[in-house]
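The same chain A turns up in both complexes below, where it pairs with chain B and then with chain C.
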Partner chain A sequence: MTSELDRTLNRILEWIREEAASPEIVIEADTNLLAGELLDSMGFIQLISFIEDEFDVCLDSGLLIPANFETPGRIAGLVRRHAAAGNEGGVPS
Partner chain B sequence: MSTLELIHGPLLLPRPGQLDRPALIHGSTRWSYRNLRARSFAIAAWLRERGVRRQDRVVLSLPKRPATVASLHALLMLGAIAVPADARWPARRLSRLIADAGPRAILTPPEKAATAEASVDGTAHSPQILVFPEEDSPGLDQIDSHANLPAAVEPDDVALILYTSGTTSAPKGVTLTHRNVTSFLAWAVREFHLTDQDRLVSHAPFHFDLSTLDLFGAARAGASTLLLDETAVMFPAHVAQLIADEKATVWYSVPSALIQLLNRGSLRDRDLSSLRLVLFAGEVFPLPPLRQLMKALPDREFANLYGPTETNVCTCYRLPGIPGPEERDLPIGKPCEHLQVEVLNEKGENVPPGEQGEIVVAGVAVTPGYWGKREESEACRSRGNPASYRTGDFAYLDSQGDLRFLGRRDEQVKIRGHRTELSEVDGVLASCPGVSECKTLVTGEGTSKTLVAFVVTRSEVDTRALRRHCLHWLPRHAVPSSFLQIDALPRTGTGKIDREALCGRLRESTGGQDKSDGGSTK
Partner chain C sequence: MIPRNCDVAVIGGGPAGSSAAALLAQQGHDVVLLEKARHPRNVVGESVIPHFWRYADRIGITEAILGEKFLSKSGGTVAWDGHVRQMSFRDFGFTRSGMHVERDRFDQLFLNHARNSGARVFEEVVVDSPTRLDESGGDLPYRSLLDGTSGSLSARYVIDASGQASCIARARSQRQIDPDFRFTSIWGYFNGGQYVAEGGQIHPVEDLRQVWPSTFVSSIGRTGWSWHIPLRSSTSVGLVLPLESLKDMGVQGQQMEKFFLEQCRSLPYLKNLLRQADYVPGSMRAIRDYSFRVDSAAGPGYFLIGDAGGFIDPIFSLGVVLAVFSATAAAWLVGRCFKRPDRASSYQAFYSELTARRLNLARALALPLPSAEMGNLDELRDLMHFHSNEEQELFQVVSLLTNRSSNFQEIAGCATVPDSLHCTEIDKLHWA
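So, the complex of A and B:
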């Protein structure tokens, strides 16, 4: 499970570094994505689409709150919780 | 001169009872008009002490906060020119704005001071970097007098410069006078019956012209403004909850933001009964999501506003109901009373109804021009009238007397409401080491519109390097989502870049799924 979490985190970090963040900004698992205004609303919507496609999860609107997206680590945790729920047939939609 | 011809007029001469009414709401912060006024005076005095004078430009590289609104009012009180910037713009983008505007100062929060310093590096001007005091720092609260303010702010003084994408690789600044803005505000307050009972949602960033209604229109009506900051706007469900909790009455944004609210806002689960008016502008609202939104928010008034930054809103269409299945697009409506709006042919003559022509706007809200760009400003005038603006947008008058927007014939496109010149993107890409030629096209429709860049390189260039280069220089919406490297750009017989052929290449690469237009729609 831990390695799955690591893989998820790495893919998310890769995406943010590549697609969203300005090149001069260092992004790590605990970088606050919201305080530094790294993402804008368009980047955020793209991030959600990326997560849903890449990890085959469906993130319910109720999950799209600042607390769940503060850091790449938190996002990875959210994805794993919901991917696991999905395997048991309990994905919120 | 009437005080109401000045944007900050309502703070100088508040309505009876206005000072005790709420002005700004942001998170748990609530400022009354008394508070906003005191803060604005204090910041004006602070800026004056630091040498800011009438018609000096001051860049606000500040987040969306009540104190930023007070800073805008403070600059206007001093007769200075406010240049709002996006706190998320890359340093190089900011530096080009600074090089163009030649500001006396840049206002920045402490954590952004290094970015501001980097932006100033190498520019011919050397503006002061003014690190904005923390909200609760001593000093600002102690001054509550406008005795030090210059009396001579005139309605025709430039008040704001709003930067938009330029046709070269540099952004261009649309100057707006106090009178330009207040003529629009007077129209909007009257047209939509804004009162001190209203609470306007401020969704747009302050460098967007939409924000003038949210901030200054609210002050004029004695209404309050619910500020959605850069983080809040990323979370549609959170925004919907804020509308419910704060009992917002008026929403004004680009359609993309409303579509996000519809798709991700869980509107059904919120009590949005306070909302009475939904205004949208900045891009075409595709009808299917608009119909869904109007069903989700029944019995509200909806209006489609049209107008470039150079004129602000110049036509308005109030929807009589949910557009029927036979409707294919939404009219942009009839001219606003404070402006003349005509549809002209290439000779500058009015075209008959049904025939297409260019939208030309004349009147009191039309910009005096682009900052420091006399030739470009004059090139946009119609028949030499200095108070006119040729929009570059094409339209026709329908049988109901409403204008119908058709598109553009140049390279200006809208990406989620952000005006973007494809040639600016091309200019930035062409400056990337290794790139010999490039051409950017728009692909997709509505909120899924993105840019695709065709790039010819002299040597092997990593796509990541192209993206990084763009991220250094361009705001995010203008960074192409994909880069296709090709051997040569296809050309027509006359040597022009063959857009049709490029669109064909794009369709091939997306398996025929693509609808690119190279910039013909707004």
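So, the complex of A and C:
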């Protein structure tokens, strides 16, 4: 399971580094995305789209709760929780 | 010839409609935009804050706007109940300036950009209430003002960007006037005169290119206020007054222009700024009850963007920025709806919620009286956290500039409160 989480985190980090942040900014698992100008509302909308396509999950609940998006690490956790719920057949995707 | 079908139909070609049309056409969708007027056309709202550039970059219109060389502005100066306070965008990490724009020209650049991006644009075409709006799209009846012909356009998605007209919400009786913001605004244009710059320095308009202006706002009575926005060749001056007070004074129709000029010549700061200025005859306009909200900014087959999705109050110049933000978000989400139709209702719900919260935040900043109802504080605090620390500080400062801050402080109470706010108290304006 840890490796799933790592893989998710790496893909999210890659996306943020490529699409959202300027090259000189270092993005790690615990970088606070909300404090600086890293991700604005549009950045979040695009990140959510990326996550849906990439991991085949629906993030309906918790989308507008900033704490869920504070760091790449937290986002990866959110994605894995949703994916797990989906696998149990609870949430249709 | 207006086609019968398209992927996306956009009602209205202000900054919101033109931006959404440009973005969706750039994504490769077949977009038709119908606009009632012929550009350049008049519209109010000339002060643009630097948040604009973030969306301009995404829309791809930055170069065209810069090329026009609109006047840059440094920030805002507010004379409220005897206090004069000033803020500069520079202090909040903005590297690009705000602007004072002639909206007829500004909006024309946007419409041209929609065309150049591949949207099919038809001017002098009025859209009437949709005859159908559901999961599979909408049908829009229209009339051409050029030749009187009429027809109907079918689209897989409808974006309503009709501004204050708010076609779709109105047709569904979902356009609700905000009872805490019942104002009339009267504005007009002046040639010559003086303006306010950094440090409260007053300059003649001839200096505008050398010394950037600061948007100047001053209070009138308990809840009214005025704006003074120098443009390249004239100055926009406006009054915002409670609907009731104008009614009580019997100001309407023909008397409005006379009343407007009397105010401009007698209000404490305005009268000095306008002493050597000449009114441009016939330039006065008015609008009333422009503050409204809609039940839901998106639903099966449609998204409402810009003013069409609700408008609160012009005091902090958020209108144009919210127009380009909502256009960018809606264009992206319409693209997602095409790609993932199974998720369309979630995207619509998400957009409605986001729009409602943004408007509530703007509303909390602008509420004229402390007692008025503010909505869900926790939701507003959540939204604050989606903004950078500098932006949160900017919110606090603008709320302090006017005495409209008490409501907002209640929300900010939970967010970061910086030690020293970048807001200067100036003893007085320095007349030349």
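Keep this in mind: the second predicted complex is superposed on the first by the 88 of 93 C-alpha atoms of A that agree within 3 Å, B and C clash if a C-alpha of one lies under 4 Å from a C-alpha of the other, contacts with A are read in each partner's own complex, and residues count from 1 in each chain.
Following the convention adopted for this analysis, contacts are C-beta pairs under 8 Å (C-beta built on N, C-alpha and C of every residue); 3 or more make two chains touch, one makes a residue touch a chain.
Since the structure is predicted, the reported quantities are computational estimates derived from the model, not experimental observations.
**Q** After lining both complexes up on chain A, report clash or fit for chain B versus chain C.
**A** Aligned through their shared chain, the two binders clash on chain A.
**Q** Of the two partner chains, chain B (first) and chain C (second), which one does A:52 touch, if any: first, second, both, or neither?
**A** In the superposition, A:52 touches chain C alone.
**Q** In the superposed model, which partner reaches more residues of chain A, chain B or chain C?
**A** In the superposed model, B touches more residues of chain A.
**Q** Which of the two partners, first being chain B and second being chain C, lies in contact with A:41: first, second, both, or neither?
**A** Touch status of A:41: both partners.
**Q** After lining up the shared chain so the two structures overlap, which partner does A:65 touch, if you call chain B first and chain C second: first, second, both or neither?
**A** A:65: touches chain B and chain C.
**Q** Which holds for A:18: it touches chain B only (first), chain C only (second), both, or neither?
**A** It touches chain B, and chain C stays clear.
**Q** Which chain A residues come up in both lists, the one for chain B and the one for chain C?
**A** Chain A residues touching both partners: 34, 36-37, 40-42, 44-45, 64-66.
**Q** Per the contact definition, I'd like the list of chain C residues that touch chain A in the complex.
**A** Counting only chain C, the residues touching chain A are 54-55, 58, 93, 325, 328-329, 332-333, 336, 340, 343, 346, 349-350, 353-354, 357, 379, 382-383, 385-386, 388-390.
**Q** Using the touch definition from the top, list the residues of chain A that touch chain B in their complex.
**A** 18-24, 34, 36-45, 48, 61-62, 64-66, 69
**Q** What residues of chain B sit close enough to touch chain A in their complex?
**A** 63, 87-88, 90-91, 111, 230-231, 233-238, 257, 260, 264-266, 416, 464, 467-468, 471-472, 476-477
**Q** Over in the complex, which chain A residues touch chain C? Could you list them?
**A** These residues of chain A touch chain C: 34-37, 40-42, 44-46, 49, 52, 58, 60, 63-67.
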